[in-house]
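Have a look at these structures, which come just after this line.
Heads up, the next two complexes both have subunit A, just with different partners, subunit B and then subunit C.
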Partner chain A sequence: MTKVHDRVLVLLCCVGLVTTFFAPFLDQAPNRLASSTPLPLLNAPGFEAGAVILGLGLFMPIALLTSDRVRSLATIGASVLLLWACLAAAGHLAALRAPSGTPAMRLSLGPSFWSLAGIAVLALLDAAQRARLGLGARLGLVGLVVAGFILMARAGTFDSLSLTKEFLAHRAEFATELWRHLALVCAALLLAFVVGVPLVLAILRNDALRGVVLASLGIVQTIPSIALFGLLMVPLSSLASAVPVVKAIGVEGVGPAPAIIALALYSLFPLVRGFTVGLAEVPFAVKDAARGLGFDRRRMLLEIELPLALPALLSGLRVVTIQAIGLAAVAALIGAGGLGTFVFQGIGQYALDLVLLGAIPIVLLALAADLAFQLVIGVVRR
Partner chain B sequence: MHPHDVVVRLAHAPSLWLTLLLVGVVLLMPHTAPLFHAWFPDLPRPVYTRASFVALTLAHLELVALSSGGAALFGIGLGIFVTREAGRDLAPLVGALAAIGQTFPPVAVLALSVPLLGYGAAPTILALWLYAVLPILEGTITGLRAVPAAVTDAATGMGFSAQGRLLGIELPLASPFVVSGLRTAVIINIGTAAIGSTIGALSLGSPILEGLATSNSAYVVQGALVVALLAVVVDRWFDHLASMTSFRSSGRGRSITS
Partner chain C sequence: MKPIAFHAVGKSFGATHALCDFSLEIPGGAFCVLIGPSGCGKSTALRMINAMILPDQGRVTVGGEDVARLDPVEHRRHIGYVIQSVGLFPHWTVAQNIAAVPRLLGWSKPKQADRVEEMAGLLGIEPALLERYPHELSGGQQQRAGVARALAADPEIILMDEPFAALDPTSRATLQAELERIHARSGKTIVFVTHDMDEALRLATQMVVMDRGHLVQSGAPIEILRHPANSLVGAFLGGGSIHMRLLDRLAVRERSTPRRTGATGAIAAGASLRQALDLMLATGSTRLAVVDEDGTWRGEIHIGDIIAGGEAGTSDASA
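Our next item is the complex of A and B:
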């Protein structure tokens, strides 16, 4: 008798089939303002639509496999197929529906596309976790998926999608804002580091001061980002108009200065707390042994405490980086630029593909930072 | 605790004074024109009047309460489900989803809900709800998993039904983690609700955004001050709730295990 060994796969498959038949895969509109007509997946060319259904349908027999390892590896294969097939189907369906000479035509990715792609990613993550893939294998898998995407993009598969059209129309700006976003995040982290490290050393052996510092940084952490940006604007602009030197180095009420300061303020709490906790957790026996070997306080800090506290510091840095990538998006509202510019511009013009042009890279940057830190933390712990 | 003790404690609590300060600032804002006029002499209209700050604060709280309340029901429910026998298969997937979902920036979630529901309060509530589910779910799962097996075994041995054990023992013991997840969710939501004004929701972000768009720094300061104070006040009250739940649960835990 056959038995279902993976109920998650069956659930994902059923949800996928429901959205395939009842939700639009793409939305087509003659221009940005007109209402759109839904295009189901079954309108896509037979080969790609078939590949999507095949990838999804494979989940069912795979769920019956007995061996955990074989089932996970088969799931990984089927999910990659599903993801690639979704991308190809979306691109080719759009190409079919947008004859040349209709530049205003909008072909946007619909709910069915997003759910199928989401299901593929979820199944992939779940299987990668169950198969206990090492970090190298995980990176290889990400590389494989990305390579397929790049090959299709190179071949012009996505050219008719309006997301691609927005990207091509804003190509130069996109590069500028992407770098600006990264620059904001890096500058904020650097500032937080420069302020945070002396702060940690100052509060390390002073319990009373530690309480006060952590409590006040915790309060800063609760203040909404847009409020902190706003509250920094006014003092900075009066400072800039009162002291010409400050203005000369580029500090103004609006723009990158308040954004970097606010992002750095948000970063201080997780950074300082992670670092202090890491240093406090260094075993007493280790420090005692080092002291016995004649280490002075400086050598103790540099050679014993810092290396042992490194994983905790890195996990603090991971939280802070992901947080800063997301919060930097809000900085576009105070004129600091970054990928948030596209998000808010798109919201203002009801150009939802422009919103995606900003939001998707922000999400990908956050995920990439997460993966990179997991990798580094894994290496350091070893 | 005797009611009198509660009163004495509150009188010494900064949260009460901060709350009164918030109420005072919100109520007195319409009368601050001379102050803001002196601070920003170039502005013809130094106080935001398109909506009263009372209405803005209530609208803001409504967005946060609706989304966080819905997220609490869903997140705690799903957290309970995946820690029972029936939903155990889903646990790794849900855990991974909660962890990855939290790397999504709130602004992105907010912007991505516009295609689904258009502009206004509805997409804002959807985005806030989605974003709030994740920390609550994570807190519930962590909390329920942290209940020692010895405690649940003892409860079963004492004749507790599965339901009685969940309601009477596991959930109270998990409550500090649940409250901590809820706190994270609500604080993030207070901030994201302010950004919800960019997609047309009325909130304390409205004066900030109008101020930014029209170079009226006074509006920015007014909105930012009230929303920052609101976040700090709510966080302080969660601090009380957290100390209450951890006191209660550790007390109960001791009486069960000893």
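Our next item is the complex of A and C:
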């Protein structure tokens, strides 16, 4: 008797098949404002469409495999195939539908594409987790997927998609905003770290203070992001006009300064809490033994408490980094730039592809940061 | 060999009086065992010696110096300490754990390594275990590593808080024997906390019975067995089996007399009276010949010698 060993895979396959047949893979419109006609996957060239169906269909037999490891590895293979096939199908379908000389023609990725690509990524992440791939294997897998994408991009596969057109039109800005986004995130994390570590050390042996600090940081966490950015504008601009030195180093009511401060404020709570919990979880017996053997406060912290709390610290940092990458998008609203610029421009111009030009790299950055932290935490935990 | 002394020490944790007017002198080189019911203040007293807890009233002195006036960190580095829950450092290997205090004292790497090896040999820790992490050891191996860590810097004083509590009877007996040997050879002052009366009687040169923060009785184990200070000590010493325990502590040579009545079995003069009684029960004879280690005849011991001596020796316990 056959038995399903991975129900999630079956579910993903069914959802994928439904969207393949009932949702548009691409949307075609003669220009930005005109209403669009849906293009199902089946309009794509047979080879690519077939590959998509094959990749998705393979999930079914794979779900029946008994061995966990074999099933995970097979899932990885099928998901990579599905992902590549989706990309190729989208590119080639768009090329078929966009004859040259119609530059206003919009071919945007539709719900079916997004769900299929999403299914592939989900299955891939889950299987990579279960297969307990080593660090090298994980990086190799990411490299493989990225290499496929780059090869297709080089070959001009995606040239007819409107997302690509937006990218080409904003190419120079894209690089600037990407760097600016990263700079915002790094500056905010650095600030949070520089403020957070002494804060943790201060509240570590003071229960009353710990309660107050964690509660106030928790309240900051609940302020909606746009409101916090706005709230910081007023005091910073009055500070800048009152103290010339502050203005001279570039602090103003708008721009990067309030953005970095707001992002750092949001980062403080998870960082401080994760770190405090990590230090508090060092077993009492271990600290007691260290004290009894003659460790002084400094050596106790550096040689016993910090190494044992490091995984918790890194987990906190991971949460905070991913959160900051996402939140930094809002910084564009107060003139700090970053990938959010495209998102808000796109919303203003009703250009969905421009929104995606900002949103997709943000998601990818977050995924990359997550992967990087998983690797580091893996090394530390040994 | 530094003596340790408690001078009318008092300590409270909130409403709990952990120690009350506690005075005790532990001579240098003693093997002092603190024993008493749970919560009577044994760990508290022990932790005052290395300044982990400071007294509210009174003074604790080590080698004549008031512990409260010493630099606690430096003081602790010269006192071996085995805590009640072992507390090995989970992120360090067994070897690194054992080398902890030598490293704090700034010993050279080769000297540290030599000492780790020596300690592992002394406590029967297989060399293969040295590169493992504590969670990869059995409970007994962890306790051995904990003891090795406490002894590594060759401290003059060793504090041990129920170090063998988690061990099976066999490993416990082995480690007790090793500890007895270390004590006999090095002449270190050892202060040892236990719940286990047999362990206390076996190891102690000085036994201290405590109850609810008070010192009830202190002295050589055999003296306490012979003359329990009150019914509480008597009960704690094992109630009904107190006389059997006494037989355990007394040697055959103390009761044997040079006479010849034609006893069949033979027993060594150094064996305990309990072993003599056991041999009588096993062989069905009421008389045994007593011989020295070299086999020379010394006399005989009769069942009456064992019983009469026992009654006379502990007459005030049953009163």
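Note that in this section the second predicted complex is superposed on the first by the 348 of 382 C-alpha atoms of A that agree within 3 Å, B and C clash if a C-alpha of one lies under 4 Å from a C-alpha of the other, contacts with A are read in each partner's own complex, and residues count from 1 in each chain.
Definition applied: contacts are C-beta pairs under 8 Å (C-beta built on N, C-alpha and C of every residue); 3 or more make two chains touch, one makes a residue touch a chain.
Treat the numbers as computed from the prediction; the structure is a model and nothing was measured.
Contacts of A:Val286 after superposition on the shared chain: subunit C is touched, whereas subunit B is not. Once the two structures are superposed, subunit B and subunit C can be ranked by residues of subunit A touched, with B on top.
Shared-chain residue A:Asp296: touches subunit C; no touch with subunit B.
Contacts of A:Pro307 after superposition on the shared chain: subunit C is touched, whereas subunit B is not.
In the superposed model, A:Ser216 lies in contact with neither subunit B nor subunit C. Comparing the two complexes, no residue of subunit A contacts subunit B in one case and subunit C in the other.
By the touch rule above, subunit B contacts subunit A in their complex via residues 89-90, 92-93, 96-97, 100, 103-108, 111-112, 114-116, 187, 190-192, 194-195, 198-199, 205, 208-209, 211-212, 217, 220-221, 223-225, 227-228, 231-232, 235. The part of subunit C that touches subunit A in the complex is made up of residues 47, 50, 52, 73-78, 81, 83, 85-91, 100-101, 104, 146, 149-150. Against subunit B, in their complex, subunit A makes its touches with residues 6-8, 11, 108, 111, 122, 125-126, 129-130, 219, 222-231, 233-234, 237, 253, 322, 325-327, 329-330, 333-334, 340, 343-344, 346-347, 352, 355-356, 358-359, 362-363, 366-367, 370. Within the complex, the subunit A residues that touch subunit C are 283, 285-286, 288-296, 299, 304, 307-308.
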